[in-house]
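Think of it as A, B, C and D in the order they're written, each chain with its own count starting at 1.
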Amino acid sequence: MSAVLLPILPPLIAALAVLLLRRGGPGLALAGATLSLAGSLWLLVRVGGGQPETFLLPGLPEMPLRLVAGPLTALLTVAVATVGTFVLIHAVGYMKRESGLVRFYAIMSLFLAAMQALVLAGDWVLLLATWELIGMCSYLLIGFWFQRPEAADAAGRAFLYTRSADLGLYVAVFMLIGATGTSEIAPSLEAGGSTSTAAGLLLLLAAMGKSAQVPLQDWLMRAMAGPTPVSALLHSATLVAAGAILLIRSAPLLSPEALFFVGLVGGITTVAAGVIALAERDLKRLLAASTASQYGLMLIAVGAGVPLAALLHLLAHAAIKSALFLAAGDFQHARGGTGFDQLEGVGRARPWTFASFAVAALALAGIPPLSGFFSKDAVIAAALSAQGFAWLGPLALVGTLLTGAYMARSLRLLWRGPDETLAVAGGAWMRAGILGLVVPAAGLGLAFGSIEAILDLSMPDEGIGVVLLGLFAGLGGLLLGSLVSAQRLLGPIHQWAESGLSIAGGLAAWVGRPAMAVARGCERLEQGLYVTVLRTGHASLVVANLVRAGDERRINGLIFALVAGVQAMGARARTLQSGLIHHSLAISAVASAVTLVVLFLASLSF
Amino acid sequence: MYAQAFFVAIFGLAAIGFGVWVFRTSSMVRSALALLFSQTAVGCMFLAMQTEFLGVLQIMMMATEMSIMAIFMVMFMMDPGGLGGMDMTHQKRFSIGAGVIAGGVAIAVALLADWGPVTPQAPDAAMQTRELGMELLGRSMLIFETAGITILTAMIAATAVAIPVQTLANGGDKEDSE
Amino acid sequence: MNVVIVLLALLGSVWLLAVVEGWTTTGRLSLSAPLLSGLAHLGRESIVPRTPDRLFFEAAPILFLIVAVLGVTVLPLAPTLVIADLATGALFINAALAYVLVALIMAGWGPNGAYAMIGGWRFLGQLIAYAMLIVMPITAVAMRAESLVTTVIVASQESLWNIVYQPLGFVLFFIAAMALAFRAPFDLPIAEGELGGGVDAEYTGVRRAVLRLARLTLVVTLAAATVVFYLGGWHGPLLPPWAWSLIKTLAVAVSMLLVGRYLPRIREADLMRWCWTLGIPLALVNIIIVGLLVLVVS
Amino acid sequence: MTAVLIVALVTGAILFGIGVYGALSQTNLVMIMMGVELILAGALVNLVAFWRFLHPESYSGQMFVLVVMTVMAVEMAVGFGVAIARFRAKGSVEMEEAGDLKG
């Protein structure tokens, strides 16, 4: 029982227990998550020193399944476990009124376990498996209210998008394994040359799918149809984070070309998603768009060659964004919806939640001394210091600006308006969850030093200028957002932004059609196969008919003849059976006499 | 030894005589009791052949067994007294032939076969009984127990066949015919 | 020599028993009554019913008497005072008693009379049932003595009589003995009330005398058997062995008569049911107990 | 000494013959059973004779006699059971009338 298993097993067991017991879902899931948190902390403490822990499971021949806990992964497990725990706490309140809780908590726990396993995965095979697992779990969770058509549709969409992007991961993994001959991640990252470029690009594709980078951002907004805690978990620490985590972990692999594309995608996404967020009319969709843009920032950092910055921002963002989502869930309960038109003034109605929301928002906008400030600075510094492509810095700054803008806008919209509210069940649980996440969202920045110590990496020291730039961008964004309305800010592209910046029918046109074409091709091939199979079957049938004819003519004939003979003999034997005992006795006497004679003769002959 | 031969012969003749009488008389009770006496004579032959235990056992068992036979005759036959003198046989010629042939062959074997040396001295009676007991509960225990189980089965089966309702008389005679 | 002594003893005890029987029936205790009634029987006309099975009719009383006496031959009066000390004495008694049944069936069938025949068949059921209660307790006794020889059985009781060693067996044996001797309350074959004398009904004169003699002899035989198997045979202080045997035998026989006097006659069905459903299981239990005792003691 | 054995064997043989005749010729179930009993009696005589005069040291012979007696008893029991059932059903145990098993 290696310490590596500690973060994974509890939620897994919890999931099974919930499924088996069919009751006590909240308690079990919470217990699982808390234990997982404790386990991951313990793991962090153990591997903080530097030497990683490995745990081997039997897997494919020559390539066993590895669980490797390095400082980085341990840190990530802590983040995942923390977010998961508090989200579950919040969910206890949020889901009070729902039915199908068994399903919910079981899948949540499974989701958590899968995520931990993915974070700790030491080889590509296990990574793929867990990757698929979280894909499935997110599908189930987004489609939790599968009775609602839009939820089911959103779930399907999310699944298909991520799946199609996952193809990249598959190909990349196979290329890497083929090139390096090992399924272990760490050594396979040393595969240099064109392989690394291609693999890097493919990994980027996969990450784009999961992290909803342009042009694959669409599904993330729609995924808001699921329960809010699910969104929180998805966005902050698990599903969406998986993409970034993948890139962060495989950063050593990426060749300059790959890095260029990573940075490009990140830059475009952060700007585009920011614009979309600015134009959104729904709080949760806004948060979703902002998630996309924040991950864009992280990709920028990766592209700039400073994955540490990306990691820091990932951690900070995890706390902040989950806090925001949980607050949004609270508002949703207060007003029975997440459209801004419904939510106007809810902030006044629920001051506590609003306060925590505001803190998280400011943190995201990058206001000191909140955590976002430090992480954003790290990212901006990385972007500016990126040698080669100078355009990363401006993009990052614009992203920051937009962040501030839409956050301010959301705050404004939530504050203005009437302050009536509905009765909210389980408010205490939700508030507990929110607070538990707001605290790290606020204070995580102060821990960055120690985190860097744990990872024994260090940021390139940014000049004061960088800090001021980041700060100004954030503040400027806030001012713009709070003073100017979205329409005037965006002007002509507002409409387009509201429709999610979909280019020529959006992804449906770009991915859907080719996919359908491929499917049609496959179908045609399948038809061909069927036809051949049927032909073979028919031929064999003909042969069988011939054989059967032979049987009937010869063998059956024999058998019938035999039966007839037996029947005739029986008819003859029948006459012996008068049914009278003395006749039977006489027969038996004669028979025994004959037997005796035979035996006697036999004894003579020997 | 002549005495022994004499007694064996006497009792043998008695057995044969009663055996013939069984099928000669037309009175059922008579034939049953004739059979009884025939069996008793066989038992006496055992005694004459110094097989005391078996002889006494035979005599004892046959008494009750044949008495039961008698009551069944009376129950199941019209004219048990044989006063009507009706003939109750069939396929006479075949039966006589079969009986004569069977007996004749057996006698021929008895006379012609070479029986080898004969033990003059029989073991003492008490010793016999003891030895037989040892045999029964020792080497041949399995056979003995099998016989016991068989009897039990027969009892139950016969009772089951015989009684539509529990009547003590039936149960009774089944038991003691063992 | 033994033969004569034993037979005389038997005759004497039968005579005494007849006296007692007369006393139980008429209430007068006269030593000469049996002889007188015997003479009277001889004097009476002996009627032969219409179309009898003559052979059985004549043979039955004699066979009865013979088997009753045969039973005595293996019962020792004293360590040496026994007619035939067979190696299978205990079994031989049963064999002999079984022929009482034959005799009674003959006596029932012979006279060609309904009551007699019913009486005979009744005794068939009665004996078949109670012969079991004779055989099984004797088995227990033989188990203790580890022999079928009667003298050995008696010798085995020197320290402790079987009546103490296996009281259950004694009770069963006693009842079975009374049923076998068809004394009241088990006298169904000759029930005066229902069958008008049953087996005895058609017998008169000398044949009836022989029948009654045989019946009393049977009682004595059974009493002697009881003594040998349960009451320690010749064992006893002071008096010579044969005397003890005689005294005990007479006591048992008289007790049989007296018991019969004070009890009502039992229904045939009840008699059977009690034997099969109660007596036989008890006898088996007795065998088991004695077996355990023997194992423990030895 | 062999004479006694021969006598016993001949007696057994004759009893056997009589039994065969009876079993085959009688019309009544119980009479047939009597015939069977006689056959078995013949067998018993032979067995005892063989034990006594040929192998008195091995008690399997007496054992065998006991088994045969068992067979007699079982035959009686079953036979009478069948007889009772038959009589109750058909009012007779005459074998001439029992052709139910005619094939």
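Going forward, a contact is a pair of C-beta atoms (placed from the backbone, for glycine too) under 8 Å apart; a residue touches a chain by one contact, two chains touch by 3 or more.
In this text, all values refer to a predicted model and were calculated from it rather than measured experimentally.
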Intersection of contact partners for subunit B and subunit D: A
Best-connected chain pair, where connection means C-beta pairs in contact: B-D
Chain located farthest away, centre of subunit A as origin (C-alpha): C
Subunit A and subunit C, separation of their C-alpha mean positions in angstrom: 102
Chain centre separation in whole Å, for subunit C relative to subunit B (CA means): 26
Where subunit A and subunit B are represented by their mean Cα positions, the distance between them in whole Å: 94
Rounded Å distance, subunit C centre to subunit D centre (Cα mean): 32
Residues of subunit A touching at least two other chains: 582, 586, 589
Per-residue overlap in subunit C, given as positions that touch at least 2 other chains: none
For subunit B, residues that touch 2 or more chains besides their own: 53, 57, 68, 90-91, 94-95, 98, 102, 128, 173
Contact graph of the chains (line, ring, star, complete, other): other
Chains grouped in pairs wherever the two touch, ordered by label: A-B, A-D, B-C, B-D
Sites on subunit B touched by subunit C in the complex: 27, 29-30, 33, 36, 52-53, 56-57, 59-60, 63-64, 66-68, 70-71, 74, 81, 83, 124-126, 128-129, 168-169, 171-173, 175-176
List of subunit B residues in touch with subunit A within their complex: 90-91, 94-95, 98, 101-102, 105
In the complex, subunit C residues that touch subunit B: 51, 53, 55-56, 86-88, 91-92, 94-95, 98-99, 101-102, 105-106, 109, 112, 121, 124-125, 127-129, 131-132, 147-149, 269, 272-273, 276
In the complex with subunit B, residue positions of subunit A that touch it: 582-583, 586, 589-590, 593, 596
Of all residues in subunit D, those that touch subunit A in their complex: 20, 23-27, 29, 32, 95-96, 98-103
